[in-house]
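So, here come the structures, one by one.
Look for subunit A in each of the two complexes below; its partner is subunit B in the first and subunit C in the second.
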Partner chain A sequence: MANIVEVRDLSVTFKTSEGLVYAVSGVNLDLAEGKTLALIGESGSGKSVTMKSLMRLHPPHKTAIAGQITVAGQDVLSLGGKALGDLRGKEIAMVFQEPMLAFDPVFTVGDQIAEVVVRHEGCSYQAGRDRALEMMECVQIPSPRKRLDAYPHEMSGGMRQRAMIALALSCRPKVLLADEPTTALDATVQIQVLLLLRQLQRDLGMSMIFVTHDVGVAIEVADETAVMYAGRIIEQGPVDTVMTNPWHPYTQGLLGATVYPDMDREARLVAIPGAPPQLYRQITECAFAPRCPHAVEECLQPLPPPMVMGDRMARCVRLPEVAQLAENAVTTPS
Partner chain B sequence: MPVCLLILEKIDPMQNVTSPSPTAPKGADGGKLSTQSRGYWATVWLSLRRDPLSIACATVLVGLVLIAVFAPLVAPHSPAESTMVNRLLPIGSAGYILGTDELGRDMLTRLMYGGRMSLVMGILPVVIAFGIGTSLGLMAGFFGGWVNTLVMRTTDVFFAFPAVLLAIAISGALGPGLGNSMLALTLVFIPPIARVAESVTTRVRMLDFVDAARASGAHSVTIIRIHVVNNVMGTVFIYATSLVSVCMILAAGLSFLGLGVKPPTPEWGLMLNTLRQSIYVQPWVSVLPGLMIFITSLCFNLLSDGLRGAMDLKR
Partner chain C sequence: MADFLKVEGLQKYFPIGKNLLGRPKQVVKAVEQVSFTTERGQTLGIVGESGCGKSTTARLLMDLIPPDAGRITLEGETYGKGRDRKPIRDLRKRMQMVFQDSYASLNARLTIEESIAFGPKIHGVSEGAARAKARDLLDRVGLAPDNFIRRYPHELSGGQRQRVNIARALAIDPEIVILDEAVSALDKSVQAQVLNLLADLKADYGLTYLFISHDLNVVQYVSDRVIVMYLGQVVESGPAHALYANPAHPYTAALLSALPALHPEDRKTHAPLEGDPPNPISPPSGCRFHPRCPHAEAVCAEKMPPLTDLGEGRHVACHLRIEGSGYSAVRPIDVGAIASPTQITAPS
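Moving on to the complex of A and B:
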């Protein structure tokens, strides 16, 4: 199947007052049409930065992007002004983390959706509003006709996030980027929005990249997963195999620190010791080594190329044995 | 339109699940409902209408403007007509309801005519400064970097002087006259407006919805023109309305010092100045121009306060 998104060797560097920050280094991603990829990682691991790079949303004079990004057959990094605007919203759209802030407070929600439709399809304002109404129904907002004329602050968080999804989908993008779309919502609403997103993704046949730090959410929505740590993808593969049999010690640690249903009440979650590294220098060795329980001398050497086995990939020097260790650890108690 | 139908078809299976009644946006009654929503200013107006104080102030101001505009029609005398016999008559004299000034001219007439100059000098510089200052502030705030440095450091130079002193200095350098004093006042008000606009723009620019607009394919110009301007305008507009009263007082001050309007043109500040010497003879007549300045300033201030509330949609 054709890949709708292809990212090759993506590196993103920010110029800050304290020097360069190597936010993302050497990321490769492929997303097939109609598939969902979950990008997992803790805060500051480069998930959102990768997502924003796909649409080139970083402030240009403070950011250096290297590598190649192809979305729907277009080379995103070489597109200029008008063409980039045509791509954003039409081919690739984004749902933001904070539905509170992602709407302009001085316009009604309906107007904001209509604006996007008019921009991309050159139709009349009225046609844009009709589309906005369809989209609001589509994302199951109650009494959509009334909500069309509501200001963002007049809606609840969950409803606003639904409206955000309606806005993102209003021009039927081929790729939907969802940047932690459920993080700012409360638990019951989270599930609803999640299910809605999954259903829409299937019904509309789009591809979706879903950023999350919640392993459970990733299992729920995704086909593929990529785990990020310190600006690198350290493990990648089909979500069910990666989550049941993680190879990389970081993924293992992540799963060990996750609550799952039917968990023994007495069981303690295992936290990964230490904290993620600062990204003020280019880390060539394994960034996880200082926190890794399996780290050896070799881990401080420059990282070898990713180890690919079948449909899975992981970046760890001690890969076969470490994966084996984890499997034993999982199987022994049960 | 074909594209819209297309999407409706594509997502139809879902719609049947969620809403059993199919949408008919083209229906006879349905079409009406989804037309243009109530605009921002209409919403502000609705909210303002419920505030009696703002309405009272607006009424007073509209009344003052109307009287000033139609002064030749409503004034009982001519503003220049003076009778030395009737100098400094008290309030309530026959034929001169508000008394006469030191040259025997009818106070009521002169206050009516004076409103023309005073209102123009109070409002026009602020309006011009609002246009220029907001544009500068928006540019500085949105583009940041060296544009910001250039604009904001230049305006900072103006902040080195107190507003009154600056107005007097510019006016004095350019020479007395209506045009020059208006120019001076405009220059005085550009920096503070630009600074407010810049700070609000910088804040707005960082908000997610600017990114969201960009992610929806909006061009920088569109983002500034629609999203940034509309979010910045409210704050700057309110600030500018509050400056009108300051401007009126400054304008009156310039005239008072002989830098603005020249006699015998009636203007509240100038009238206050000339009547100053008569304050022990006819104190109540002498304070009348000051009272007018006070009422107008107060109304502008209270109105801008009301606007502040009305323009905050979240209230």
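Moving on to the complex of A and C:
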């Protein structure tokens, strides 16, 4: 199958008042057409930075991006001006965590959707409004015609996120980036939005990259998963095998630390000691080694290339030995 | 066993806007007739979605927001304003709180040591003893005192700051600690560390916890008893294992079935509830859950169901479960049979 998104050796460095921050280093990603990839990681792991790089949303004067990004056959990093504007919203679109911040508060939702359609398709305003209505129906907003004239603050959180999805999908992008789209929502609303996204992805035949810190959310929506730690992808593969039989000690640790239903109350959580590293220096060795229960001397040497086996990949010095250990030791909920 | 902490009829309405006569135009019924009890050494979990009043309840208990009505009794002593009640100041010596935002809840201009020692000094402990206490507690929450006492909050990670907040809450030797979304902002790997720490501290100091969270899995893991709130009211309460295995209220059932799957083969096929929780400014009539409830009937829109004792320590406010409520086909819940739950299934 053709890849709609290809990322090769992506590195993103930010200039800050405290020096350079190596937010993403050497990320490779492939997304096949019609598939959903969940990018999992904790705060500061570089998952949102990777997403924003795909659309070049970082402030240019403070950001250095190296590597190659191809979206729908276009070399994103070489695009400029109008060509970049044509890509954003038309080929690739994004849904953010906080729809209240992503929408402009002084325009109605209908106008904001129509504006995008007019920009990309050169149609009349009325045709843009018609598309907006169609999209609002598509995302199952109740009384959509009335809601077209609503301002973002007049909607509830769940409805605002649906409107955000309508906006992102209004020009039928080939790729949808969803950056923690349900994290700010209540539990009963979160599942509605997850199911909606899953259904739209199938119906429209889109590809989707879904950023989340929640393992359960990733399992609900994704085919593939990539786990990030300290700016690198450390494990990748089909979501069902990675989540039931993780290879990398960090993925193992993350699952072990997650509280699951009907857990034994007397059992202690298997916490990962310490905290993720600061990214003020370029880390060449395994960034997880200081917290890893399996770390040995070699782990402080520069990290070898990823180990690929079948449809899975992991970056750990001690593979495959550590994956074997895990199969016996890790207890996943049944 | 006698009730250790007993809360009765706690209530708070927030006025919004005022008309010409100075009367509020609208009120938010943030917390309405909330009552519960908990035993010494137990953990009481409070769950619900945003706007359900769980955090307001915590703040009312600490009198950070003065309640409109209600009675807080701790070991037979009633605290609050009024002649027959002991002052809130005394209650705060026995009950402390840890907040969700670890940064906002520490004074940015005080060192860690000063922040922890502040409480004991207010309550009459000498400077030296308060500082010694701070060092002690830092060590106890897993932060090496020599490395941390002189640091400021911004120099710490989120997990470390939350450990400091826990140390500060423990500094005046409280019996009850209210944990208001205390681990919600932490990454999973750090959250597990803090949950382990909380379990250790509870055992060592014999603490009683009120654990407020929107995370149902964490609440089940830490709690002995659980209260479920919806739009300012308690809709269900009971022992954690029984309530999770066999929820009596349709809202509890919906919350539990809205949890994302942990195995790909258990993926959800439908959402248990439509729509968002309504606005607490103009809550629905009758049972506040009725517009979203799959079992709602006419009686649910007319009458507010009272929180009713089901036995086995369980309570529910739902016409479906209460004999003589006027509901067409009351389905009492068998509180004795947790093994074979008479589950409420959400409509597909």
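Keep in mind that, in the parts below, the second predicted complex is superposed on the first by the 321 of 334 C-alpha atoms of A that agree within 3 Å, B and C clash if a C-alpha of one lies under 4 Å from a C-alpha of the other, contacts with A are read in each partner's own complex, and residues count from 1 in each chain.
By our rule, a residue touches a chain if its C-beta (ideal position, glycine included) is under 8 Å from a C-beta of that chain, and two chains touch if they have at least 3 such contacts.
What you see is a predicted model, and the numbers here were worked out from it, not measured in a lab.
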- prompt: Is the arrangement of subunit B and subunit C around the shared subunit A a clash or a fit after superposition?
  reply: fit
Query: Who does A:189 touch here: subunit B (first), subunit C (second), both, or neither?
result: second
- prompt: Between subunit B (first) and subunit C (second), which does A:209 come into contact with in this model arrangement: first, second, both, or neither?
  reply: neither
Query: Put subunit A at the vertex: what angle do the Cα centres of subunit B and subunit C make there, to the nearest 10 degrees?
result: 80
Task: In the overlay, answer first, second, both or neither for which of subunit B and subunit C A:65 touches.
output: neither
Message: With both complexes superposed on chain A, which partner does A:148 reach: first (subunit B), second (subunit C), both or neither?
response: first
Query: Touching A:156 in the superposition: subunit B (first), subunit C (second), both, neither?
result: second
- prompt: Touch check for A:287: first (subunit B), second (subunit C), both, or neither?
  reply: neither
Message: Contacts for A:10 in the overlay, against subunit B (first) and subunit C (second): which applies, first, second, both or neither?
response: neither
Smallest separation in angstrom, by C-alpha atoms, between subunit B and subunit C in the superposition: 10
Task: Touching subunit B in one complex and subunit C in the other: list those residues of subunit A.
output: none
Query: Can you list the subunit C residues touching subunit A in their complex?
result: 49-50, 157, 159-160, 187-193, 195-196, 199, 214-218, 220-222, 244, 254-255, 258-265, 267-277, 279
Message: Could you list, by residue number, the parts of subunit A that touch subunit B in their complex?
response: 52, 55, 57, 61, 81-82, 85-90, 93-94, 96, 98, 101-108, 110-111, 115-116, 119-121, 123, 125-127, 129-131, 133-134, 137-138, 140, 145, 148-149, 151, 153, 164, 167-168, 172, 199-200, 203-204
Field: Of all residues in subunit B, those that touch subunit A in their complex
entry: 1, 3-4, 7-8, 10-11, 13-15, 18-19, 23, 25, 33-38, 40, 145, 207-209, 211-219, 222, 226-227, 230-231, 234, 313-314
- request: Give every residue of subunit A touching subunit C within the complex, in rising order.
  value: 42-43, 142, 156-159, 186-192, 194-195, 213-217, 219-220, 239-240, 243-244, 253-254, 256-263, 265, 268-273, 275-276, 332-334
